[in-house]
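Please see the structure below; I have some questions.
Labels for the chains are A, B, C and D, by order of writing; each one numbers its residues from 1.
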Amino acid sequence: MCAREPWWPSRYGEGDELGTLNEITPAKVVAAARLVRAGTVYDLGRTLHANVPRFEDRFWQQTLVSSAHIINARRPGSDGGGWGRNNLNWITELVTGTFQIGTQLDGLNHLQIGDRFYNGWRACDIVEQWGTTKLGIEKVPPVVTRGVLVDAARHRGVARMEPGEVITVADVHAALREQHVAVEPGDVLLFHTGWGALWDSDPARFTSGEPGIGMEVAEWLVEQRVAMTGADTWSFGAVPGEDPERPFFVPQTLNVEHGLFIMENLATEALAAAGAYEFMFVLTHHKTRGSTAAVIAPAAVT
Amino acid sequence: MCAREPWWPSRYGEGDELGTLNEITPAKVVAAARLVRAGTVYDLGRTLHANVPRFEDRFWQQTLVSSAHIINARRPGSDGGGWGRNNLNWITELVTGTFQIGTQLDGLNHLQIGDRFYNGWRACDIVEQWGTTKLGIEKVPPVVTRGVLVDAARHRGVARMEPGEVITVADVHAALREQHVAVEPGDVLLFHTGWGALWDSDPARFTSGEPGIGMEVAEWLVEQRVAMTGADTWSFGAVPGEDPERPFFVPQTLNVEHGLFIMENLATEALAAAGAYEFMFVLTHHKTRGSTAAVIAPAAVT
Amino acid sequence: MCAREPWWPSRYGEGDELGTLNEITPAKVVAAARLVRAGTVYDLGRTLHANVPRFEDRFWQQTLVSSAHIINARRPGSDGGGWGRNNLNWITELVTGTFQIGTQLDGLNHLQIGDRFYNGWRACDIVEQWGTTKLGIEKVPPVVTRGVLVDAARHRGVARMEPGEVITVADVHAALREQHVAVEPGDVLLFHTGWGALWDSDPARFTSGEPGIGMEVAEWLVEQRVAMTGADTWSFGAVPGEDPERPFFVPQTLNVEHGLFIMENLATEALAAAGAYEFMFVLTHHKTRGSTAAVIAPAAVT
Amino acid sequence: MCAREPWWPSRYGEGDELGTLNEITPAKVVAAARLVRAGTVYDLGRTLHANVPRFEDRFWQQTLVSSAHIINARRPGSDGGGWGRNNLNWITELVTGTFQIGTQLDGLNHLQIGDRFYNGWRACDIVEQWGTTKLGIEKVPPVVTRGVLVDAARHRGVARMEPGEVITVADVHAALREQHVAVEPGDVLLFHTGWGALWDSDPARFTSGEPGIGMEVAEWLVEQRVAMTGADTWSFGAVPGEDPERPFFVPQTLNVEHGLFIMENLATEALAAAGAYEFMFVLTHHKTRGSTAAVIAPAAVT
């Protein structure tokens, strides 16, 4: 096994795999449900297909397979139109690709500092060819908690922020004040930058960069003890970043050092348009063993 | 295109793709949230991996891909341990297989009567190689509504019902009476048969048959206007079925004729053990375009 | 099984799966070997990668998987750099896609007239989800026979023929005369149109159409009893074809009615440039069960 | 890029990617063709399917896709039975898995000593996610040369040698003497151990070990300047090996230090049964960019 090396235990203790999801208490779940008054459900996911904005080696392909052309050969009892007197046919899909695409939740087994994951696990400790033995996406439980949206674009007075434009703590405080909402421990804090409008209209530009938070807000998120965060961008944090020599420093720090979960490519525009800044956030996802992400479509319920 | 042929419009109108999910109103969502009192979240999904119970041509494979071995070649700035001064590395997965495996929600584009899908669409109307243009799983919105569990095994006084054992309407009425809970329109009605206990312990036996409802309960579910149903079995409905010449007649009828959504391989044992018969049911899933199913892990919240 | 319907037996008898490869006799193999005088080997295959000219639903993806990042976890005896004292590491690939891409040999289970394959087999007779039980590419034996190249572009006095430009029997006779070579039963007859020059330079134009033979030459090929044919184009036969209402009529007729094998996207330019019109043709390929094609790189040896 | 470190250039020079295939000269090709007298073609490949003997993370899956169920939707001109007046339909396959399975040729980019490949290239020099930029299987040209079979089982007087049983140089000399054949530079030297008989009859036992050469014969093969080697076993060299602390030391040494190509899982039984010890060996394969192996079915022609 790996040579043991010193490591600081995470805030949630050595051996913890839940990270900031530990902040969600039963009381928090109950309080979140109390926020549901209109019965309106907002879908925060984008549909995934082969041509969504992506990087060259992150692909998604689906091919349908019909039983119709083989049903007779396989089912002697058939009258030709399907299986049995009820004429049963079915269609299935064959998919291939990565979960690091589309609207996604990254597992804590995705990013590393060197070969370190959250809580000090090393690749040689947990990585198998079929997946990781720790921190896989199946370790993430269903999430029901309070959600808050920070409309950073609205605060900046623009429809869409610019690539590399950094959201500061002052921005967040001001935006929350304007929205008459406060952040509490265990919340899911989402950011609307307007960048998502390019998802369909200009995929190449969409992936060329993005606005987002800087390290100051990253540290603040940890202090606030938020349970999860995310934005309408393909990564999380401004790209290009504050320090050109530290690529993707924001998500790396949040995932690996703090165990803070991040969601990418969220469809936040409807929430922003409706001014729905506080809601019950719900997320359930595919529990595929050892995966580094889940393709998701969480919901905000008001 | 297809030759047009007569077809009865569904209860929800010609062109409808939501089926029984139309039964979930905003008032229903609000009422469901009111059921959350303890803040306990039950995970109804089973972890998916290559060796779960499956049929030969339904497979799931995942392989991890590490950036570590290529980071230097691709990132000249790297010091060897990762990209940039922050020593960034990442791991992704490559998955391949079908969503018709594990804990799943079937789309209304999965089963057919002959070449007919729900609302009379034919394969030649909606099937493309990349997916279906109608009724794909991405058309299913996030689900938040009241959930009810029928513990059929408890009513029968057994830990696990037998393959082919049929749950009757009388059973359902009696079980609901014993559980002091009633079914309402827009509910998600789940069945616990105990069969799921074989998921890990005896995969071959698990897929060899199953207990479940018969056509009588199927029609009753439609009358009750339930929004979704499901069980701790790999299909839905007793296998072998009531009519050996009509294989999978229950799910075929519910999906195609009535647009009633079905979930399979649910992990209902914790709910049953806790006697949690009424709850807020939440389901969000991967919106992959034109897929015939979603691999899911819905939650029951009390 | 399928309803039986009348069908003409193929020239090689009912139940035959070898089609025109029956024309290759041991004497033909010996004679082909006798053609080798210079010891020059021409590679007729193009390298396959994700970005070769292709149609939307015909894709090819490869991802490398390194043992290096998991070797320690899986091999306790390792010193960290690899497995064992010999420090063993390895890399493998995961591929996904279709064999109907790149330089390929189509099986007789690829094209159909209605639901008929060569020798009258129907889809319901031979198609399973994992492959076909008859006519799969694994039924094609290693091929060693005489090869002849028809340089149609040279005969027309152009570097590259035009899309839809049809090669006639008169063209073939004249070209063979100019090249001082004749066609014999059991030969592999290849056509050079110059179209292949667009493979790398203009993939979109390459797949937009192609020059090739018409039905007259197709019938002539059958009369000549050639064992295989092929060209430097993505299909075989002019596109657009002679009859706009009969798409891909040439390969459909050759494959289904006559069992004549066709190779696509051959790299014929080196042969043409060298004036190598007669050679020993050799082809061995991946025997993947029930596949509809093989990705190949045959050789011409002079 | 990688830190440069000292390395011995290979026998064929720094930067060489052909390894021992450099031993095959035009004269050698001509001489090989002269060996063809009977016109008998032996197929040395085994059919690949999902259930061949394999290791857990080396899989092969194929699913057929029929155009029949989508032809109408996609081809308005169709009469329902296919596309156009010629009623065209087609079937394609979708494959997924690794080429490190079945009868295969390993590329020199498969095995490493630490992170070194043949000629000193390191993973960080040539490994990209899509494949390797050097030593990929597409760099292997078509092979036509003299082939020789060593029937080691016959020499030992057994039908099938035992796992871990080591073939010595004395064995090879004696066997060749008994077979009245000698080895020459540029030959492909194949070994028949009889182990291949377990391929279909007992897959689990087949992969549990194997007979094969030891390091003595490995070094002798290099001295003899053979162009390629291979056997009827899943790896090459006895397993368990001579030195339990040096797993797979034979293929690692031949590939990495000497650039000697190895074929696995060859179907040698027909050659052995026929006493065909000398032949023209031909191999053409799929030129998939950057792959670590090719699934092959080479031929021996007498």
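The criterion applied here is as follows: a contact is a pair of C-beta atoms (placed from the backbone, for glycine too) under 8 Å apart; a residue touches a chain by one contact, two chains touch by 3 or more.
These figures come from a predicted structure and were not determined experimentally.
One of A-B, B-D or B-C repeats the interface of A-D: more than half of the contact pairs, counted by residue number, are shared by B-C. Of the two chain pairs examined here, B-C and A-C, it is A-C that is joined by more C-beta pairs in contact.
Rounded to whole angstrom, the centroid-to-centroid distance between chain A and chain C, based on C-alpha atoms, equals 45 Å.
Each chain gets a centre from the mean of its Cα atoms; for chain C and chain D, those two points are 22 Å apart. Within chain D, residues 57, 63-66, 68-70, 91, 94, 96, 115, 123, 127-130 each touch two or more of the remaining chains. If each chain is drawn as a node and touching chains are joined, the picture has every node linked to every other. Those residues of chain A that touch chain C in the complex are listed here as 1-3, 57, 59, 61, 63, 65, 67, 69-74, 76, 80, 96, 115, 123-129.
Those residues of chain A that touch chain B in the complex are listed here as 25-30, 33-34, 36-41, 43, 45-50, 58, 60, 62-64, 66, 68, 77, 81-100, 103, 109-115, 123, 127-132, 138, 141-142, 144, 243, 245-249, 252, 280, 282-299, 301. Interface of chain A with chain D (complex): residues 56-57, 63-66, 68-70, 91, 94, 96, 129-130.
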